[in-house]
Structure formats: C-alpha cells, structure tokens
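Presented sequentially are two complexes of chain A, the first with chain B as partner and the second with chain C.
Up next, the complex of A and B:
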C-alpha cells in the first residue's frame, strides 16, 4: 500500500503544535524535571553526590506529604490555608503530651503512643471543623481555613509560649526521627509509604472517583448518589491528618515540639506544589504521583539555587515566577488543545 | 444600590454596627477606659490604615478575585519609597511608591485577565516576588531617615483637628464610593464579579475591568504603605505581614462577598473598624496576644457563616 492517501486524521501542521501535543501527552513537569536534573548533573559536580540527593529527597518528602493532603482538598474544589498551622499544632500538642506522659514515669512506648495520638487528634479536630464548616455550613473554604489557621497557631503558641517543648523519649527522637532505614532517612521512608497509601486510595478505592466527582461537578455527583458532604469532610480530615503526621515527623527529627514549624510558608508551598503538579484549583483533578514529582521539582530548584549561591531572597522571586508560569502554561495549553 | 432599600439588604448594614456597639459595651464593662473619647479617637485613627487596605481588597473581591499580595506589596512599596525619599525627598518617595504599586497591580491584573491565571495563584506568586524585592532592597533592615515632610503630610498633620490618616481614609472611602456607584468602571466591577460571561455579553470590557481593578487595588495599597511608612518614619520590610489576611477578613466581615459582585464601601469601612476595635479592646482588657489570634479566627469563621446563612434565606 504505497498509495499516498490524504489522511483523515487532523494532522498538527506546525512544529509548535506537535510539541504541544507531545507535552500534553506526558505532561510538562516530568520533562522539565528531567531537563533540570540533566543540566545540573552536567554543570554542577556536587549535585549528584549521595548526600546532596538524599537531602533533596528529604526536603521533598516533607513537602510532598503536606501537598498531597492539600491535593485532596483541592480535588473537592476547596482550599486549606490551615495546613501549616496544623503542622505546628500537632508538633506542640504531640510533644507536650509525650513529654508530660514520659515525665510521669510511664514507659516510653506509652508516652510515644499518647503523644502521637494527641498530635493526630488535635490535627484531625481542625480538619473536622474545616470540613463541617465547608460541607454543612457552606462557608467559603478560604475563610474557614483562614479562621482555623489563626486559631490553630494561636493554640500552638498559647500552649508553648513560643518555647520549644523538650523532654521527648529517646526512642522517638534517635530511634525514629533521626534513624536511618535501608540507608534512607526514616522520614523519607515514612513519606513514601504515606504517598503510596494516598496513591492506592486514589486508584483502587471508591475515594478516588468520589472525591473527583464532588469537585468536578457537585450537582452531578449529588444526583448520582455520591455522599457529597461526607466526602468533603473526609477530604479536609485527610488533609489535616497528613499535615499532623508531617508535624510529628518533623518533631521527631528536630527532637522538640515547636510552634514555629510549618506556618503560612508551608501552606503556600503546599499549594504551589499541588498547582505546579497540575492539580486544578477548580477541583476535580489531581494525582498524587504528580504532586510528589512537583515537590521533587521544587526541592531540586531550591537546591540548585543554593548550590550556585543564589541569594535566598532572589529564590523567593524565582518561586513566585515559576508558580505563575506553571499555571499560565497550563491555561495556555488547555486553550491550545481545545483549538487543536 | 437598589438592594440597600429592601429589608434584606438592610440587614448586613444593621448587624455589623449592632455587633460593634455590643462589643464596645462589653469591653467598657471590663475596662471603662475603652469608651473614653481619647481611646475612640485612637481606634478611629488606627482603623484608617486598615480601612485603606480593606478598600483596596474590596475592589478586587468585587470582581470575584483575590489579592494575596497587598501586604507584601505594601512592604516592597514602603521600602522603595523610603529609599527614594531619603535620597531625593518626600515627593520622589510618593512618586516611586505609586509607580511601583501601579506596576505590581498591572502585572497582577495582566496575569489574571490576559493569561487567565487563577487570582489566588497569580497574587501568591506576586507575594513571593514582592517579599524577595522588599528584603533585597532593604537587606532586611528598616530604611530610616524618611524626611519630616512626608511624616507631616501623611501622619502627624491635621486639618481642622482631623488627623491626616483619618482624612486620607475618608477621602479614599468617598472617592471609591463615587467610583463604584457613579462610573462605568465601578458598575463594570460589580457586573464582572456577578457573572463574568453575562458581563462580557452585555458589552462590559471584562479584561480591561480586571486589569483596572488589580491596578486600583495595588495603588490604594501603595497609598496605605506610604501612610504606614510616614507613621514609623522608616521603610519597613516587615510591614505587610498580616495585612493581607486582615484586609480580607475585614472586607468579608463587612459583607463583601467572596463570590464577587456584592458588597460596598460602607461595609468594608465598618469591617475594618470592627477588626481594629476588637483588637484594641482585647489589648485594653489584657487578652493574651495568642488568644487574640484565636478570637480573630473564630470571628472570621462566624462572620462568614452568618453571611452564608443570610444569603441562603
């Protein structure tokens, strides 16, 4: 069949169109990440050092867990400004409970269990309040989580007066937080397990499609029998629990509970990570694998800037530009695809 | 305007003054000084800064937008204006402030309107850029030596006994009220926020309106930054810390809708006075600063929940 037939497929005419289609197929982020790593590996000998790579992954893993929680909330069409404050809350509440139980002479195992339960519980309560206000009272997620952010960081500061909480059991700090498992920092291992759990939940349980349905089209979801309120609350609680776990991981690593952990900065970074990873701010879309990649991407960029001694203030500017550019490209790509 | 005449339209205008009165009465029961003329004047003067920032935020909220960068833009403007004022005099300081603020607003508006980037992300990016800018320019330290002329004009001066900040806030309030209700641009803001597609069909130049809204917002924030710079007599890189969230909280407490197209100048001003009076009252009654954060958080959530409840009836 060597007869030349006019194709009935709409052929992309220009190189730029073909490029856009290719990018749309794989996604821009993995391509950018590969290019970035390649350039860094060629130009900066220290970049590929084992210590440096582990450092990047450890930074990325903390961000990835918080951002994956943020993703759950973004998927249902919400927002969570309180994640940074929840990190601080779980750290201070968890450490206070742990140190208190340990000081009363109970076994370290009991102290660690009580502390973790207290930290997770405090975080989950914030998530529950967020979820109920959004789902039942129908308050704008932005305002609810702005309020709970203020309240949660107030409680964290009130509890500690801004002073780090020491006296954590040794097993929690050196046995867990600073431990090395399989040659990797424990926080990295735990984070990968958590991200894996979210991925399994998204792909193999009802939660994935249900959350997407709530965020994608509320009316349709309701009509087709999705428990809209329940899933919305679940997304906020899930987000807060992931943030609390991050708080406990950080507490174990630094060996004290601190109200200065997390903060608005972490919230903003988590939103930036999710957005760069293609999680839609209009809800209904987002994959945890991409969020993990987004976190690695940001960590690599920040590491590269540190290695090449870019001023930390200029780094903020770069992060801002990347954030806007990522969303602008995404929007332009969508418009392009519609046209093609 | 028309919905202000119906009873339902009146409720938001009555609820907040009532809440303000109850709150003041409560504080005065605990601490009699809080109702003294001196303190009330003090609250009014303190409010004037937040009023200007809340008006700025309101302009953007009306278009169903957001400006997370107002606080950090204020920091950057404060530092840049102080640097210019120290070297070239107060006039240059104000000029630099307005130019920089206008530039920030134009970029925000262009990114939102032309690139169609979500306002939250666009202004979050700008927040980072402004943070980097202000700390680079200042090196993290306050810029001191602002000329006295600037301080007199924007802070310590008075006309007929009315302090300059109050006067400026009043002028901004009046000006914005006229702009919103008597000009095509003002009506376009409401239409764009209420229903962008319908506005487009009705011949509103939506993109231009959005660019104008973000620019006006940044210009007002720039003016606020100059006022705060004059108050401390220095350019402060840490000026804007909580201003963004406070301005959004004040506007929403004042009945400006986050869903766009609803709310006005009166509510915004009352919201700003309410937030300032709350913090002033808690200071006087010696409420712990951390508890104050919790109270503000609860008030914000309650205000929005009430607003939502009103809306659903």
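Up next, the complex of A and C:
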C-alpha cells in the first residue's frame, strides 16, 4: 500500500497530485488509522474506554509479533503460510513439556524453561525446514509452507487429541501470562520489546541490508557476496521463532496449550497486516514500525465490528476484502513507479 | 590463491609485454549453454596499466567472455591465468577478492537499497554484526567525491537515473583495490560530460596500473581509449592487435569480418499492397517516438539499430505487447488498434520473439504442442490429436526439423531447432504479416541459412515480413527496404543500392545533438 511518487516532480499541478505527495510523505496507513480512530471516537462512546483500548492493543500486539515475522519472510521475497500452525504447535508442545516436567516434581522455574525451550525449538524446526526447502531445494514458498502448515497443525492435534493441555505452573500463567506490568498487560510489554528488537535488527545490524538485498535483487546480492541462502533460511527461522513466541504468550494468558490457537486465520491476518503496512509482496521492502501500525489498524477495525455487533462470519469477509484491496493497492503503486 | 613461483610460465605469442607475465591470460576458452555454443576458442591477454577493448558484433560472445573473467560462469574448457597462475573454480566473490571487478550492463544493484548500502553490500563495516553506519557513510561519500560523482549516499538507488546508477555501479567496483576492471558498455546511458569524466577516470586507473577490459560499440571511444583490441567473432578470437593507428573504418572491417554472401539467399522483390502502415507511432514508455513506416506484401522490411533503440518495441507494439500512447496503425488498409496477441493473430499478424525461452516456448512440452499453440482457438475447443499431429508433422518437415520427431520436448532442442518450432507457429494459421524480432540470435550458421530460406519463401508467397535485427549483415542482405532506428526515432529509410553498411553505420553512430 506504500504510495511512491517521483521525488523530482517539479510542481504538482493538480490538487490530487498535492494530496498524493502529502500521502507519500507521511504514508497512507497512519492517515487512515487516525481517520478511523477519529470517526470511532465520535460515533461510538465505548470505543475510547480504557478497557476497550487495552483490549485493542492486546489483540494488536499478538498480531504484530506474528506479522513482523511474516515481514521478514516477505522481505526476502517469500511468504509463510505456516505461521498460524506454528503458533498452535509451540503452544501444545510447550504446554505438554511444561506440564510434564512440572508433574515430575521439578521446580516450576525448570518446568517453564523446559516448556518454553520445547515450544520455541519445535517452531524453529518448522522454520528451518521451510527455509532449507526454499533456499536449498528451491521449492516454491507456497508449497513448502502449505506442507509444513498441514504437518505442524497435525502434530499439534496428534499431541493433544484436540484437548487443551492443563497443569501449567502457576508462575507461568498468573505470574506472567495474566500479569500486569506498568499498568499494561504483560503480553503487550513483551510484544513491544520483541518489535523493538526486530526494529534494531533491521536498522543497525547486517541483517537489515542483507535481507532487503536478497529480496530486492537476488542476483545483485549474490554477486556482491551476500550469503543469499543463509539469510533466506534465517528469515524463515526468525519468522517461525516469532510465531512460537506468540504461541507461548497466548498459552500463558489462557492458561493451557491448545491446538486451536493461531490457525489459518492468523496466517491470513499476518499477511494482511504486513501488506497493509507496505511490506512488498515482491520482496525487498518492509519496516516493523509500520507493521505494528498495521496490526493496530486491523485490530481497530475488528474492534469496531465487534462493538457494532457485526457477525464474526461477516468479519471474515471483511478481512478478505481488506487483504485483496491492500494487495491491489500495492500492485497499483508499483505500476505507477515503473512508469516514472 | 596459492603463492608460488612463475617458473614454468611462458607468455602467449600475442602478449605485448613478453618479459613480465601478463595480468590476465585466457586461452582456448569455450562455453556452451545447453545446445548453444557461446564461445568456441576465445583468447585474451591483458597487461597491467592498459585498456583492452573487446570488439565484436552482438552474439559474438563478448558478454560470455567477460562473465567468465568475472567468475559468473565457469568455462567448459581452456586456461585462465591471473598473474601467471592458473585459476580454477572462480566465483564472483573470489574474483573480487583477487582484484577483478566488473561493471555489467545489467546492474548488480538492489534498487530498494540506498546508495551506500549498495556500495557496501556484502562487505559491510560492522562490529559483531552491528553496522557502523557512520564509517560507511563517510567512506561512501569519500569514494563518490573522489570519483567526482554528484550522488548522495543516502538516496534510494532505484530512484536514481540510469546514468547515476551506472556511476554507483562503477563506484561499487572501485570500493576495494582493483587489478582488473571490466567495463561493459559503460557509456551507454551517460551524457557527453559524464562520458568525459568516465574517460578521465579510465585514464587515471590505467596510469595506476589497473588492467581494464572495455566493451563498447562506439567506435570513437574505442579509438580514444584502446591500447589493444581483441576481436571476437562467433565465439572465437579472430585477432588481437595494437590499437595504435586504427581507424573507424578499420574497426568496422575487423568487427564484421568476412562477407558471407553465400549465407544469404536472393530475396525476390515484388512489392504489393501496403499490409502494415504505422504513422506517428509513440509508445507510452517513450522507447519509440513518432515512428512511421510501411511494410508491403512481397518484400522484407528491415529495421536496424543498436540495442535499446526501440526497434523491437515497434513490432511488439503492433502485436499488442507494448502500450501505444499515440499514432495510428493500419493493417491491410484498415485502421487497427492493437489490444493483444490473440487479436493480432486473428487479424493475420504473427510475432516471433527474440527471447524464445522467456516468451516463445514451453520447454517441457513437445514440439507438436508448442507449434500448435497459436492455433488453439481454431480447434473449436476440442483438440483433435491425430489431425494436429499430421498437420504439425508436415509443417516441421517443410522447415527441415532434424531429427524429425515432433514429440520431443522443446527444452532438449538446439537454438536453431527451437526457432523452427517458433516459425511453425506462423504456418498453423493464415497469416499475412510476419514480425521477426532477432530471428537468428543464438543459433548456429547452418540453422541461420534455413531461417533465411524460410523468410524468402514467405516473401515469395506474398507475405509482408518485418525483420528486426541487431545483426547488421543480416538486415543488410535480406532487406528489400531498410529503416534505421536511433534512440526511438527512424533515422533513415534506405532502399535498393543505398542499403550499405556505411549508410547504416553512419546512422548508428551519429552524434546526438541534444
């Protein structure tokens, strides 16, 4: 959805040109978000309530972390359909390990550590398989991640038979998942820290230019000596790890491991968020700050629909329409660019 | 590279400095891509502190050779010595470490990165993975200033003009100390002033002892820069001479070499009705501006021009592959507005793309299916396999396909046979206007002759043939009438005895008064 315009336009003649330039300067998304919030604040008295706002931010934070992982993969020119399934996998594997270790009489700290390690490890393995298949075997990301999506959700269901895994240490659930830090839900704080870490990685480490170069011009990256395969694998692993962390955060909040967490819906939302945030589907571009805004935008829309009692099934239709509109706008922006 | 002595080294017979080992010596280099031979027996000897021009027509193998030197392709055979040491298993990274830097026509820049990010791509300054952006910005600015390029390191590369991108590309090649610098048509997108600055830079690097391999079609700059000239023809080094005293005429003779009159059939010239008329054609992307031309039945209308002059775009526009912004097209006397290939085929126009792999053929499918592809709508929804087979078989026999098995996958064929499959498409439905885009690029001489015979037969049967080609002898010999294009415009229309190399080259290399 990023609108690019030639910077050397001498003098915009028409009002629409001026408007486009202004939009290009700030970006369409923040403007849309401000407009949306303003309309809701005026028309819906419940919208600005503290509980409602915190609710929105909590929803947005979960989505933002998954979508920032999705962004990493989109930047290298791929995409990841398995993120929703990885959320479920890390939740069930993490909870099963945690409950098992706790039941064996080990200290809660050990149980939490083991559970988190198991959850993250399971997710990382999925990411590694995705990355290796794409980077080394050159399988299309669509097929690879479609396959791992099915496999990961299958493992999650096999492990639990669809029954929630209880028996998590109290410290993990009430001490962490449902805790309130600085007046904010713990998940929100953790998400902000994670997003900050991704932002620092993008701006100040080798990963920033390397990932963008791989997605922007693969051949150029290769002849410039960038480890193209390595960074591709790293992007998929990073994406899966962020999805696993989301799975663990959700597990801590609801107090049990569930194979129904995440799912295809979250995958869709993560792609929609990233695209709304201007992450290019052709790779090479994407900023985590915008992804966070994109997540807030989607969360506000979903909140507005909830407040005005839109059927949850109808909400799926809206999400689909938003996704297609965002992609179409991205495509139009690209075409405008090429003509320049 | 291992550090050893140069004991067994003997300089090549054509090496100018017979005492010191040449900086770079290639001999007997060969390279095939699938069924196509790109290089047969190419040799090159580069001495330090000299400018070595590679000269050859399009498709002579220049770009393959420089790609081998830069490590992008591995040669199939021959020897490659750097500083007298044989080199094997070269990759672009290793070549760069060894001091071989290349500036290619296709840029090795990521458009979405900033200039400084591109300059340091793959060799970022960092401490434990944390970028030292300040140091990189200072260094990038210093390099750009040193080269006299007026570019900000913080600009997004994709937003720069092509000329500025070319400068970034050159700066990138010079970030590390270089021994061998390869410049592939570096002035193609530069203005006069920028070109002068580039020449000054080349002079400076030469004085610093860098060996420069320079590929260009512009005769004037070759004479200005070259110390030595190696001529490639059909993938082989024909000769390597000292540049002192060469003239533009001499260069043209070297480049085109032998006259292969025998290769070209006599094209009967019986001009009939104007089947295709363009007037004032201008494309949305401005690659073609105000082009007017006529193609008549019973003659070959040639369009010559340098790469990128818009000659392909003209016929692609007629076929509906480019967006027309103004001007009109008349087909068989009727106004025609191109909307896409399907419409063009129905109207009796067939286009044969130059890139047969990307735009022409489904490599995994058999010849039969590829040949009948353009006529699928004539089968009324049901493919009658038997009919299709006998019809395509007859067509391919007429084109002398060897081996004559129409069930082979197109991917297994040589360039010449692939082109025959493309040609067969034009025969599967009634077609009066044939548009050929570089019909003989990448195919061997024997197949070329057959393609030419095919063109002759078409003209004899009363079709209008438009031939776009960068192969100068080809358009010179085959065209009954020849348009020469230069920077999107028609520069000249030549007929009969006026169709000469000198006339065409004069248009190619006319200085731009812009």
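Definition applied: the second predicted complex is superposed on the first by the 321 of 340 C-alpha atoms of A that agree within 3 Å, B and C clash if a C-alpha of one lies under 4 Å from a C-alpha of the other, contacts with A are read in each partner's own complex, and residues count from 1 in each chain.
Definition applied: a contact is a pair of C-beta atoms (placed from the backbone, for glycine too) under 8 Å apart; a residue touches a chain by one contact, two chains touch by 3 or more.
It should be emphasised that the depicted structure is a prediction, and the values quoted were computed from it without experimental measurement.
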After superposition on the shared chain, which partner residues are touched by A:285: those of chain B (first), chain C (second), both, or neither?
-> second
Using the touch definition from the top, say if A:319 reaches chain B (first), chain C (second), both or neither.
-> first
With the two complexes superposed on chain A, say which partner A:139 touches: chain B (first), chain C (second), both, or neither.
-> first
Thinking of the overlay built on chain A, is A:147 touched by chain B (first), by chain C (second), by both, or by neither?
-> first
Please indicate which partner A:119 is in contact with in the superposed arrangement: first for chain B, second for chain C, both, or neither.
-> neither
Partner chain in contact with A:219 - chain B first, chain C second, else both or neither | second
Identify the partner contact of A:332: answer first if only chain B is touched, second if only chain C is, both if each is, neither if none is.
-> first
Partner chain in contact with A:127 - chain B first, chain C second, else both or neither | neither
On chain A, which partner touches more residues: chain B or chain C?
-> B
Is A:262 contacted by the first partner chain B, the second partner chain C, both or neither?
-> neither
Please give the residue numbers of chain C that touch chain A in the complex, ascending.
-> 72, 92-93, 96, 106-113, 117-118, 120-124, 126, 129-131, 133, 159, 172, 284-285
List of chain A residues in touch with chain C within their complex = 6-7, 204-209, 212-213, 215-217, 219-226, 284-285, 339
Touch list for chain B against partner chain A, complex = 66, 111, 115-118, 120-122, 124-129, 131-133, 135-136, 245, 248-249, 252, 258-259, 288, 290-294, 296-301, 304-305, 308-309, 312
Quick one: which bits of chain A touch chain B in the complex? Just the residue numbers, please.
-> 79, 133, 137-140, 142-144, 146-155, 157-158, 268, 271-272, 275, 281-282, 311, 313-317, 319-324, 327-328, 331-332
